[in-house]
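Given below, in the form of structure tokens, are the structures.
Heads up, the next two complexes both have chain A, just with different partners, chain B and then chain C.
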Partner chain A sequence: MLLRPRLDDHLVIGKYTGKVIIGIALLMVIPLLTSVVFAEWDTVLDFAISIALCLIFGFGTQIACRTERDLSWSHGLVVASGSWIVATILGAMPHWLSGHEGSYLDAMFDVMSGYTTTGLYLLQDLDHISYGMNMWRHLLTYAGGQGIVVIALTFLFKGTAGAYKVYVGEGKDERLLPNVVQTARAIWLVSLTWLVIGTVAMSITGLLLGQEPVRAFLHGLWVYMGAWSTGGFAPQSYNTLYYHALSYEIVAIVVMIAGSFNFALHWAVWTGKRKEILRNVETVSFAITLSLTVLIATFALAKAGVYPDAMTLFRKAFYQLASGHTTTGFSTIYSRAFVTQWGPVGLIATTVAMAIGASACSTAGGIKGMRIGIIFKAFMQDIRRVISPERAVVSSKFHHIKDVYLDDGLVRTTMTITIAYLAMYGLNAIVGAFYGYDFLQAAFEGVSAASNTGLSCGVTSPTMPDVMKVLYIGSMWLGRLEFMSVFALGGYIVTILRGHK
Partner chain B sequence: MSARTARSLMATLLFGLLLAASGCAAAGTPEPSPNDASSTDLVESPKKFDGGDVSFRGEAIGEAMVRGDMAWIHINDDAYYMKNVEEGAELGGYNTGMAVWVPAELAEDIEYFGDYKHEGDIVEVEGIYNAACAEHGGDTDIHATALDVIEVGHDVVDPVRPDKVVWAVTLGLVAFALYLFDHYWRRGSEPRRR
Partner chain C sequence: MKTRRFDERGLTDRKNWPNYLGGILTETGFILGLTALAFLMAVVAKAVF
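Right after this comes the complex of A and B.
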């Protein structure tokens, strides 16, 4: 029997959602200050209005939802998924006020794409937007990569036991340290260290490539944020093709691969366990599937004679595939070149790479290397069972920080999430085809949205049907939060409507 | 409230939100590309144009990245090459353009590069189009041998809209009042310490 939530349930959900939105308001101070520095007064006002709206919502809910009750598991999941929706609606305000969006739906699309580190966008005339707005776009993706709840946990939650439940609801379940707030801070420690190193490396590279110091720094910071968060936003419409340099591509590849690794792996390396990189099931799985997809794309491109020599071919294929597999979405080719130059096999290889994605508990999306590794191990275990004597006990294990034995429960959960991803990829492809797009292109774009990658072959555009925009927003949200907390939110709404008192 | 009423209300709210969100799309006639072979044509038909001479006109955006005697510039022939959104241009889709590899001394002729505060010079380059340039790691580019500045760009005025000032001040005051109310109410409800 479904029980209708009590007033106290609504209050605790409202209270913590409000705290996350206050976190979004604080985040908006950074682009506001950026615009102040560069005297972009119209943008300053856009952010002032947006901050005020977030604070009104945040403080309003603190006043209206006064309760001392702590979060339960279901509350945590609902807060995590619900706050992403509210944060998207309110976070879209600066985009919309800028005048560069065709509609508020387009603005929400871009913000959800940012939070979920997807990188698809509908913003128009990107090459003429303010520094403040560009800072906001990249900050969205950087904060979304860490998890907007992680930000609130770090700065606004006072270490309640329930905090862990919101943290898990945001698609992160690794507890690096005993306390969840300490874990959130450890994630920030790793990320901020990489932020300094990555930004310095990219800024120096930009300077050497002929950029002015201020632009080299800002582009370095933003491209770093896009790479580390596996977001794929870039400050110019040409994406990373703008820089025309192998050195820039190498730094970007290093940062995006690092960003796609599990935070638990980062923490293991941070605490001296360097061999973990070579043994971890996710890095092994990633290395194998990346090599395979690069090989397929390289073979197809060589056959088609698209690129003039082997080195050029490998450079282009590896960059786009690494970007796709880490679910970053950076590209050094035009979007339409996936169709007009790469052809069907190149499109399929990139689609497969995006669908698999990178590591769990990282900034990346997709099915994840861990699940691919577990499914492969379970498959091999079943084969061994078939060919072994009837009484033999066949066990299998994989390595992720420690050795973990496969059991049926783990395999079932893994398969459930994997099937959910595949169903969402399929739905996006079918809806795209229904609206008249070529099926392969619709599949490419649908997988890109649902795996939070952001590579585009031209389907995503401001003129795309609204139904597809809404579908992609939902896919990005579901893909980033890995379904469960969104299902919990759906269940919460059902219990409000159909539950018994 | 009955379950049916709640359902109807929620459905109306969701429909209204969707309508409001999608209902304000801009309409208008965006500026067409000034080129016989636009950047879109060059990308859509790489084999047709690869290795051929092209003449390409558009707005110089971003910056010139000088590399020795040569420089990279980017020229957009999109809906905003004459006037950008900040100046009130109709929304006309994404930016589109071409990367151009040009002698650095020619790039120096460009006075304004397009960004938030500037509408860039309109320039025309003559050169060879490469769908996958052997010299530049397979990039799609134009190797230009000539560059003419057709129209010098200008600063873009960034006026402060009075209605936005009113909204910012009003909403800011409301937010501050709510903060004070929340802060003092919470302090008032805490047990007193000796």
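Right after this comes the complex of A and C.
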């Protein structure tokens, strides 16, 4: 029997959702200050209005939802998924006020794409938006990669018992350190250290390519944010093709692959367990599937004679595949080139790479290398069981920080999430085909949205049907939060409507 | 080489940074290894076709 939530349940959920929205308001101060520096007064006003709305909501809920009760597990899941929706609705305000969006739905699409580190966008005339707006776009994706809740955890939550439940709800369920707030801080340490290194490397590269110092710094910072968060936003409409430079591409590849690593792996390697990178199930799985998809695309492109020499072939094939597999979404080819030059084999190889994705507890999306590794191990275990004597005990293990033995519960959970991803990929492809898009292109774009990648073959545009925009918004959200917390929010709504007192 | 035991009490303690830097270099080396492998594939593919 479903029990209807009590007033106290609503209060605790409202209170913590409000805290996350206050965090969003604080985040908006950075683009506001950027616009002040560059005297973009229209953008300053846009952000001032948006901050005011977030603060009214955030502090309004703190006043209206006074309670001493701490979060339960189900509350944590509901807050994690619900706060992303509220943050998207309120976070879309600066986009909409900028006048660069066709509708509020388009603005919400771009903001959800940012938070979920997807990188698809409907914003128009990207090359002429303000510095403040560009800062906001990249901050969205950087904050989303860190986890909005991780930000709130670090600065706004007191105590750790309830906070951990929201943290898990956001899909980051590994404790790097015994204390969850310290874990959040360790995640920040890794990200900020890479921020300094990545921004300096990209800024220097930009300077050497002839950019003005301020422009080189801002582009370096923004492209770093897009790469590290595996978000794929870039300040120019040509994305990273704009730079036309091998040096820029190599730095971007290093940052986006590093950004796709599990934070627990970073922490293990950073704290002395160097060999972990060669033993971990996620990095091994990633290296194998990336190499296989690159191999297929490289040979298909070479056979078709698309690129004149080995260096160009390497730069184009590896960059797009690394970007797709890490679910970043950076590209150095035009969107339509996936269709007109890469052909079906290249399109399928990239789709498979995006569908698999990178590591759990990272900024990346997709099914995740850990799940691919577990399914492969379970498959091999079953084969060994079939060919072994009837009484033989067949066990299997994988390595992730420590050796973990496979059990039926783990395999079942892994399969459930994997099937949910595959179903969502399939649904997006079918709906795209229903609206008249070529099935392969609809599958490519649908997988790109649901795996939070952001590579596009031209389907995503302001003129696409609103139903597909809503579907992609939902897919990005579900894919980023890995279903469970969204299902919990759905269950919460059902109990409000149909539960018994 | 024996690595120093990590002190989790002070995340940003100065004595942790050589270890962190070693971690960053290890990660970068792994990524550049994958990049070199992809370049080799392109060379072979161009030689074949």
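To be clear about the criterion, the second predicted complex is superposed on the first by the 500 of 501 C-alpha atoms of A that agree within 3 Å, B and C clash if a C-alpha of one lies under 4 Å from a C-alpha of the other, contacts with A are read in each partner's own complex, and residues count from 1 in each chain.
Convention: a residue touches a chain if its C-beta (ideal position, glycine included) is under 8 Å from a C-beta of that chain, and two chains touch if they have at least 3 such contacts.
All figures in this text were calculated on a predicted structure; none of them were measured in a lab.
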item: Partner chain(s) touched by A:L313 [first = chain B, second = chain C, both, neither]; value: both
item: Contacts of A:T340 with chain B and chain C, given as first, second, both or neither; value: first
item: First, second, both or neither for A:L97, with chain B first and chain C second; value: first
item: Partner chain(s) touched by A:L45 [first = chain B, second = chain C, both, neither]; value: first
item: Partner contacting more residues of chain A (chain B vs chain C); value: B
item: Which superposed partner A:L295 touches (first chain B, second chain C, both, neither); value: second
item: First (chain B), second (chain C), both or neither touched by A:I496; value: first
item: Contacts of A:T332 with chain B and chain C, given as first, second, both or neither; value: first
item: Partner chain in contact with A:R185 - chain B first, chain C second, else both or neither; value: second
item: Set intersection of chain A contacts, chain C complex versus chain B complex; value: 309, 313
item: Interface residues, chain A side, partner chain B - complex; value: 39-42, 45-46, 48-49, 51-53, 55-56, 59-60, 62-63, 66, 97, 99-100, 102-106, 108, 124-131, 133, 209-212, 215, 236-238, 241-244, 246, 306-309, 312-313, 315-316, 332-334, 336-337, 340-341, 461-463, 466, 469-470, 493, 496-498
item: Chain A contact footprint on chain C (complex, rising order); value: 3-6, 8, 11-12, 19-20, 22-24, 26-28, 30-32, 34-35, 37-39, 41-43, 45-46, 48-49
item: Chain A contact footprint on chain B (complex, rising order); value: 3, 6-7, 10, 18, 20-26, 40, 43-46, 61-67, 71-72, 74, 76, 78-80, 84-86, 89, 91-97, 99, 114-117, 131-132, 134, 136-141, 156, 158-161, 164-165, 167-168, 171-172, 174-175, 178-179, 181-182, 185-186, 189
item: Chain A residues touching chain C - in the complex, by the definition given at the top; value: 177, 182, 185-186, 189, 193-194, 197, 250, 253-254, 257-258, 261, 266, 269-272, 274, 277-278, 283, 287, 290-291, 294-295, 298-299, 301-303, 305, 309-311, 313-314, 317-318, 321-322
